[in-house]
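Here come two complexes built around chain A, the first alongside chain B, the second alongside chain C.
Coming up: the complex of A and B.
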C-alpha cells in the first residue's frame, strides 16, 4: 500500500514489487476462491435459476405459491425461534465465556471441554435425549412432581418450548467459543487501568471490557442466527409437528411434491431474508465490527 | 459304459453352465421395495416362489419413494421391472403417465377389490389406520371409532394423529357423524372445523410410523390413530412406561401398497409373469406368515394358509373388512396439494 504511493528514485521498482506481491497473493488465494465459487456461489446461482423455471419457460409461479398463509406462518415461526434462541444463547453464553476466560488455564480447559463435549455427540442423540428428559413422564416432570412443585405434568416438549430448549443446547457452544476467543485476547491491563483511574468494577466492566468483547459477541450471534435459520432436525423431533420451520417446508416441497422449483424459491427467499437482516444490522453496527474488525 | 456316463455328465455340466450363463443374462428381473423387514417378507413369500416357478433370478433394490420412480423413468432406461410404492404414489405416477399398463388378466382378479387396483396399479398388501390406546387410563371402556377419539370427556387424555391431512380429514368427518360410505368427496370445511375442536388435545402430530407408537409406549398420549401393523407390533413388544396397549378395527381406514411397472421397464413380459404369480391367492396369503400385513387379494383367506388367529389381526379379513372403509386415493391425488397447504396453515395457527 505504502509502496504504491512512494515517491523517489526507486518508486517504479517498488510499484513492480507491489504488483508482483498482489499476483502471488492472488494465486495463493485462487484455490480457495475457486472452491467457494464451486461449492457456494455456483449452487446458489443454480438454485436461483431453478426457482424461476418451469419446463422450458420462465415463471414466477413458485414465488406466487409462497403467498399461501402456510408459508407465512412458517416464516414467522422460523424467525421467532431464531431470535429467541439467539437471545437466550447470548444471555447464557456471555457469562459462561466470561467465567472461562477469567478462570485459570487448567480450570478453563476443563470448562471448555464441558462446552465442547455436546458438539461431539450426534445431533440426533441429543434431540432424543431431550425428548426423554422433557416428556410427560420424563425425568424433569417426574422430579418436579416428586418435589411437589407441580400437580399436572408440564408440556415441555412436542411444542415451541421443547424446540427452543433443544436448539439452545445445540447452539450454545457456537456462541461461547467465539466469545471466549475474543475475551481471552482482551488485555486485562485495560480493566486495571480503568480501576486505577477510579472506575468501580462494574463501570470498568461496562465501559472497557464489554466494548472490547463485542466483536466476539457479534460473531457468536451471527453464527447462531444463521445456523438457526436453517434448522431442521430439532424442530422436527421436538416440535411435535406443530413447529414448522422454513427448512421443513423446503424438505416437504422436495420429497412430497418432488418440486425442485418451489423448494428453490423457498431457499432463495430464506437467503434474501438472511442477507437483508445482515445488511440492516450492518447499517446499524457497521460491517467491519460484525466481520471481526475493530 | 463308464466313458459314456462321463460324457453325459460332462455334456450336462456344459449345458448347465451355458444355460446358467444365458439365464443369468436374460432371465432375471429387478424389483425394488422398502427394504427392511417388509422386503425380507416379500423375499420369503414371493420372490423365492417366483424364482422357483419361472427359473429366473430376482435382483432386489430398495426405494425411498416417488422421486426414485420419476428419476428412473426420466432417465429413459429404467432398471426396475417392478417397484413397491404406496397406492397413492402409484395413482399419482399413473396420472403423470410414468407407468406401464399391467396385464388386464391380472387386474381382472375379483379377489382384489376395485378400489385397490387400476390399469397401472395392483395392490399387494393391505393395512389400515386404526385406533390404538393405552388400557390403563380407560380400564374396561373401549373407544370404538373416531367419535370416541374425539370424546375427551369419556376418554380423557392426549391424542396423536398423523401430521398430514390424509387420514385426519376422514377421521374428523366420521367423528362428526358422516357415514363411512358417504365420505367422498370430502366436506373439507366441515372436516377442518371438527379437527379444530380436537387440536388442543393432540399432543403429538406424528411424522413417522415409529413415532406414532413410541408416544403411546412412553405414555406421552392415551390414544393414537396409526397404522395397524405398528400398533400390533407395539402390543406384542415388551411393555413400555405406558403399560399394555389395545387396538380396534372399528371405523378403520384401509390403504395399500401396490405393484407398478415403470414406463420402459427392461423385462416387461417376464416381470408380468412374476406379478401374476405374486398376486395368486396362495402367494398372497403367505405374506402374512412373515409380516403383519394382509394380502390384497382377499381370496388368500380361502387358502387355509391364514389361520383364524392370524385373520383376527388383519384389517381386511372376512371378520374385520366390514368394520371400516377403503381410502379414496383418487380424491387425494386431485386434492392433496391444496389440502397439505391448508393443513399446514391450520397446524401452525
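Coming up: the complex of A and C.
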C-alpha cells in the first residue's frame, strides 16, 4: 500500500477518493450479501441449533437416532441413486458437450437450446410426463410390445429404475452446461500441437483434451451430485414409495411427526455430505480450477 | 548430397511402412510401456545427429484451398531445399497460415500435392508427418510442467524415462532455460514460453520445422533477440524451416529465401536482398520496406520521371505503366555545388521534416506535385538539410533505380 504513505500535493484528496470508491462498491454489494446472510447462513445456523436441542437442553439424541436401520437404508438408497445418476449424466453428458463444443456456432446454439429446453419446463410436468411414458401401459411398453421385443410390460416406473431415468433427464443439463463452457474454452491448438508432436487422435484426446476438460467435468459432477443428494420431487413421484431417499425422511419427520429436531439432524448430515463431496473433488482437481480460476 | 537424400528417403519409407502396418517394425517393447508410435526420428534421428543438412526438402505442387468463394490458396507451387530457411511473408488473410496448416496436416487442401523428401504426405494425418511446429500462441499444455511438455513427444515415441530426462535437459540447455523443467507453464514469462515452445518443436529432432508467427507476441527487443536465436538454432540443427510472418523486417533478418504471398498466390520468391533491392512489382516494393513511387514516362528508349531523364543500369524494361521505386535511404542529399554526375537527380522543396533519432525522415515535393520520402542518417558528415520550404537535390544511383509494373 504505497498510496497510504504517499505524501505531496493532493495525496490526501486522492486517498479519500479511493476510499469513497471502495465504499460505493461495498454498498452496491450489500443487498446481495445481506440476502445471502438472511436466506442462507442464518437458516443453516438455526438448523444446526435445532438439531442439537431437545426441550431446553442440548442433546445428540437426534443424531443417535440416525443410526437406526431405516435411516441407514435410506442413506444407502440416496447414495446409490446419486452415484448412479451422476455417473450416467457424466457418461451421457461428456460426449454431448463435446459434440456441442465441436459444432459450429449456429449449430451449437441450437443444440444447447435442446439441452436447456427441459430446464424451462416445470419439474412436476416432466415427472408426470415420464410417468405417462414409463407406466405399465405407457408409450414405451406399448412400443416395445408392438415391436415384439417384450411379452410382458417392463417395470419401468414406481421403482428405482424409473427414479433414475427421471433424475438423469432432469440433471443432464447441469452436467452439460459446465462441461460445454470448459470445452468451448479449450484452444484447438492444444489438440493440434499434440497431433503435431506425434499423438494419434485418440492419444491427443486422452492426453490433452480430457485433462483440460476435467474442471468442467468436476464442476458438473459436483452440481449433479449435490442436487441429487437432496432431491425430493422425482423420487417421490417416480419412486412410487419404494425409493426412500434422505430428503423424503426429512419430509416425513416434519409433516408426520412434527419432529424438527430429527429433520434438522438429517439436514445437517446432508449438508455435511455435500461439503465432503465438494472437498473430495476439490482435492483431486484443485479448488481454484473448479471455481473458475484458470 | 544425393546419396544422403536417397538414404533418408529410404529410412522414411521404412518408417512409414512401420506406421502403416500395425507397428510391426517396432523393436522389442517392454511390457506395460506405453504404446508408441514409430517415426522417422526414432529410426534415423540418431544417425543424422542433428548435423547441418539433415533437413528434408519440401515440394509443394499446385496446392489450392478455397473457403466458399474465397480462395485462401490459389494454385501454389514451391520447392524448399533441404536445410533452407524459407519465410512466408504476407499481409493477414494472404494465405500464409493456411499454407502452413496444409504443410502440418491440419488443413486438407482442395487440390495439389505436398512431398517431404521422396514421400507424398498430402494424405498423411498430422501425427504421421513428423514435423516440428511452433504455434503462434505456443500451445504449451497448461496441465503439464515444462519438462512434461518437452518430454511429451518423446513419451509418444516410447523412449525410456532416463533418456527422456536426458534429452529434456539437453533441450532446456539449448534454449537457455536450464533447470526450469519443473516450472508450470503459467509461471513462465512470454520469452520463456517461446523458448519452451521452440524446444518442444525440435526435441524429437524433426527434419522439418514449421513456425507460425512465433515471435509476434513478444516485445520488440525480445523479438529481435529471439530472431537471432532462432537463426542460430537453425544453423546448428539444419532442419528445413518454413516460417510464417507478416513482419517484413523479421523476414529479411531471418530467411535464406522469402516467399511473398498475397491473395493466395506467391508474388515473388527470392533471397532477402533480391526481394528488397529488386522488387518485382509495386506490391512487393510497398509491402517490403518503405517506398515512394513516381510514374515513369517512356519516350522511345528513354525513361523520364520527376522531370528528369533516368539512367538505368539495365536499360528500359518493357512494361505498360512503369513506376520508379524510391527507397528513402537510397536517396542522398547532394551538397551545394555537387553536380551529381552519373546519378539520377530529383529536385524539389522540403515539405516536412521528422526527426527520428538515428535518422531524419523528410518529404520532398517535386515540381509536378508528387511527394516522395527520403531519409538521411544522423551524421555530422552529411550535408545539412534545408528547413521546410528549402530547395533540395536528391541523388539516386542508377543501380538503385528500379522500375516496377504498377500492380496495386
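A few comments on the model shown:
Definition applied: the second predicted complex is superposed on the first by the 246 of 294 C-alpha atoms of A that agree within 3 Å, B and C clash if a C-alpha of one lies under 4 Å from a C-alpha of the other, contacts with A are read in each partner's own complex, and residues count from 1 in each chain.
The criterion applied here is as follows: contacts are C-beta pairs under 8 Å (C-beta built on N, C-alpha and C of every residue); 3 or more make two chains touch, one makes a residue touch a chain.
Quantities reported herein were computed from a predicted structural model and do not represent experimental measurements.
In the superposition on chain A, contact is made by A:189 with chain C only, not with chain B.
Residue contacts after overlaying the shared chain place A:207 against chain C, while chain B stays out of touching range.
Of the two partner chains, chain C is the only one that A:197 touches; chain B does not reach it.
By the document's definition of touching, neither partner reaches A:234: not chain B, not chain C. By the touch criterion stated above, A:70 is placed in contact with chain B alone, chain C being left untouched.
Residues of chain A that lie in the contact sets of both chain B and chain C are absent, per the superposition on chain A. Of all residues in chain A, those touching chain C in their complex are 187, 189-190, 192-201, 203-204, 207-208, 211-212, 294. By the touch criterion stated above, chain C contacts chain A in their complex at residues 37, 39, 104-106, 125-127, 129-133, 135-137, 139-143, 152-153, 156-157, 186, 200, 204. Within the complex formed with chain B, the residues of chain A that make contact are 68-70, 73-74, 77, 135-137, 155, 158, 236, 240-242, 244, 249, 252, 255-258.
Residues 65-67, 70, 158, 163, 203-207, 218-220, 241, 337, 340-342, 344-345, 347-349 of chain B are the ones that touch chain A when the two sit in their complex.
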